[in-house]
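Both complexes shown next keep chain A, but they swap its partner, so chain B is in the first and chain C is in the second.
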Partner chain A sequence: MDLADGNDERAARAVRVVLALGCGVVAAVLGWALAADGSSAAGLATEVRAALPRSGVEHPVTAVLLNFRAFDTMLELAVLLVVAIATGATAAVGQIETRPDEMPAAPSSPLLESLVHDLVPFAILVGAYLLWVGAYAPGGAFQAGAMIAAAGVLAHFSPRFRPQVPDRWPTRGILVLGTAAFAFAALAALALTGVYFAYPVARAGAWILAIESAATASVAAALYVTFRAIMPADRLPDAQR
Partner chain B sequence: MNGTTIFTVCGILLFAIGLYGALAARPLLRRILAANIMGNGVFMVLVAGAYLPADGGAATGDPVAHALVLTGIVVAVSATALGLQLVCRLHELASGDREPDP
Partner chain C sequence: MPGASRTNEPGATRVLTVIDLLLSGTLVAVALLTLGARDLFASVVLFISNGLLLALAWARLGAPDVAMAEAAIGAGITGALVLAALRRMQAFRGHGGASPPASGRDDSGSR
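This part shows the complex of A and B:
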């Protein structure tokens, strides 16, 4: 840690040069490995295309995420949930939930207010559109959730429109909703078709839409709650400090 | 030298730059950013590898790789958020001037 001495500084520079050389070697090896990779580049596109009619959606990426590799996506939602819990656990007390005595601080700029006022509903609408369009075009639960969370972040900066985060159980319910919907769907599919995560083919689209809606809510809530936990605590106006 | 090669090489360079940053930088925030750059390099290599030259119809991509990258982006964002929160907490505890509990 102590780099004050000239000797140490020179040593640190030498270490950095060695590190840079090492990283260059790593890059070279990676490039060589990828260039020497002789396997065919076909990937799994053919298999996905062949199975697409039975997936319930028309967009291959959504089909992979919500049907063919649904287990991965469930774990991805679990990662989001864990992060939301961990950031919330290390945040200051009262950082996430809206407290009853929380009063908006001095009004921010009118420009921000009008931007939030006009843009946030539109952003939520775009989020809903992304969720819906995921069935046959790029889009889906994660894009929609990110969009809605971004709307929440934007609104967060305006004291007048700052989203209210209800205390404890409602928030936790929304956070868990996506993972729970996935787990429930997996078990229900197991009961109905006998295979874990194999939705009934005829109604697969409806299953996917239901899971995606729950996932959207969870993704948006997890991202926004995490953001709220990280933001510096400015919840009390200066006069009350 | 087609597009795939260019993107793959750029991804590898991004990975190497991020690796160097993550190992050499002292500030924790810079390390987190460097790890993100590494991750973006990996995503770039994956997406470039997923590109399939047009075979008959329009050019497509391997949807499995795309889904993997999409998953990876979400996990990377989550990990970054967790790292940032831990860094914030570290600074808060280290500086000692925690705000008075209301």
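This part shows the complex of A and C:
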């Protein structure tokens, strides 16, 4: 037994050494690439600034994410969707193994209750503000979605305010909404302007706000559903699966 | 870069340089502590701290968008996810017969 433990520990240490060496090599290659290639130092900032009036928003980062490189952002949302689906699929497996009835109930303190009661609405408001302000200043769908998901995570620890996740289809609909909005916008733009993902210039701002709202809902739902799938279920008076 | 400091006074620049150096040094130190911590719970807490320091670093680099995403997703949500995973691991160990580690305290209410 001791021998096996010793071997395990030695194997784990060997894995760590290999990982550390691998990380060192990757860091060295990245550093070398950065030092060797000075050509791209200026980036595409000038081009972005020149095209900004036609993007529909005033903040260059949002213009790149939602207009000039909208396809990449759609793929990021698809990645989040896949994460939510994958962790959701493993959630049930773990719950059987951990036997939820034997997990200690989450401690419910008056402090936590009042914190959730006061902070969650404010956090959701900040999320909505971040979504709106993304057109002019730093902010946007991912930050807003993360903020709202964080409100959900906070509320999750309070038995009184734990969010109710609607069954199957509504949840799936919200999860898919962001990616679907991007895909729909791409095809609608193709039909209207003849170019994939090129929104009509006059109404580009409205298009971006609509897509970002859908993306915010999906990001928030995907992050919270993922957290809920990983968090072991504990005993609650009104325990939902 | 937009948002980068445009202070021209030498005193302010020197203070900012000191802050930058402290920030970089702390980032590397906290990263090493995160990897080296024996207690997984301590590791998670250090990981979240590292995420917040990284957000400060992004802000100093003049990238407030990335800083906000790092603080919200990298430190906040990922921290909650890792804490949830840790709690689940402890639940597994509690039923697997192996004795729970020293970090087996109840930390569910901490976030």
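In this section, the second predicted complex is superposed on the first by the 185 of 241 C-alpha atoms of A that agree within 3 Å, B and C clash if a C-alpha of one lies under 4 Å from a C-alpha of the other, contacts with A are read in each partner's own complex, and residues count from 1 in each chain.
In the analysis below, contacts are C-beta pairs under 8 Å (C-beta built on N, C-alpha and C of every residue); 3 or more make two chains touch, one makes a residue touch a chain.
Being a predicted model, the structure only gives us computed values, none of them experimental.
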{"item": "Contact breadth on chain A, by residue count: chain C or chain B", "value": "B"}
{"item": "Chain B versus chain C as contact partner of A:A150, first or second or both or neither", "value": "second"}
{"item": "First, second, both or neither for A:F142, with chain B first and chain C second", "value": "both"}
{"item": "Partner chain(s) touched by A:P159 [first = chain B, second = chain C, both, neither]", "value": "neither"}
{"item": "Which of chain B and chain C A:S109 touches, first, second, both or neither", "value": "second"}
{"item": "Which of chain B and chain C A:T90 touches, first, second, both or neither", "value": "first"}
{"item": "Partner chain(s) touched by A:A63 [first = chain B, second = chain C, both, neither]", "value": "first"}
{"item": "Which superposed partner A:T226 touches (first chain B, second chain C, both, neither)", "value": "both"}
{"item": "Touching both chain B and chain C, residues of chain A", "value": "60-61, 94, 142, 223, 226-227, 230, 232"}
{"item": "Contacting residues of chain C [partner chain A, same complex]", "value": "2, 64-65, 67-69, 72-73, 76-77, 80-81, 84-85, 87-88, 91-92, 95, 106, 108-109, 111"}
{"item": "Chain A contact footprint on chain B (complex, rising order)", "value": "8-9, 12-13, 15-17, 19-20, 23-24, 45, 49-50, 52, 60-67, 70-71, 74-75, 77-79, 81-82, 84-86, 88-89, 92, 98-102"}
{"item": "Chain A residues touching chain B - in the complex, by the definition given at the top", "value": "15-16, 19-20, 23-24, 26-27, 30-31, 34, 41-45, 48, 60-61, 63-65, 68-69, 72-73, 76, 79-80, 82-83, 86-87, 90-94, 142, 219, 222-223, 226-227, 229-230, 232-233, 236, 241"}
{"item": "Partner chain C, residues of chain A touching it in the complex", "value": "60-61, 94, 97-99, 102-104, 106-107, 109, 112, 130, 138-140, 142-143, 146-147, 149-150, 153-154, 157, 223, 226-227, 230-232, 234"}
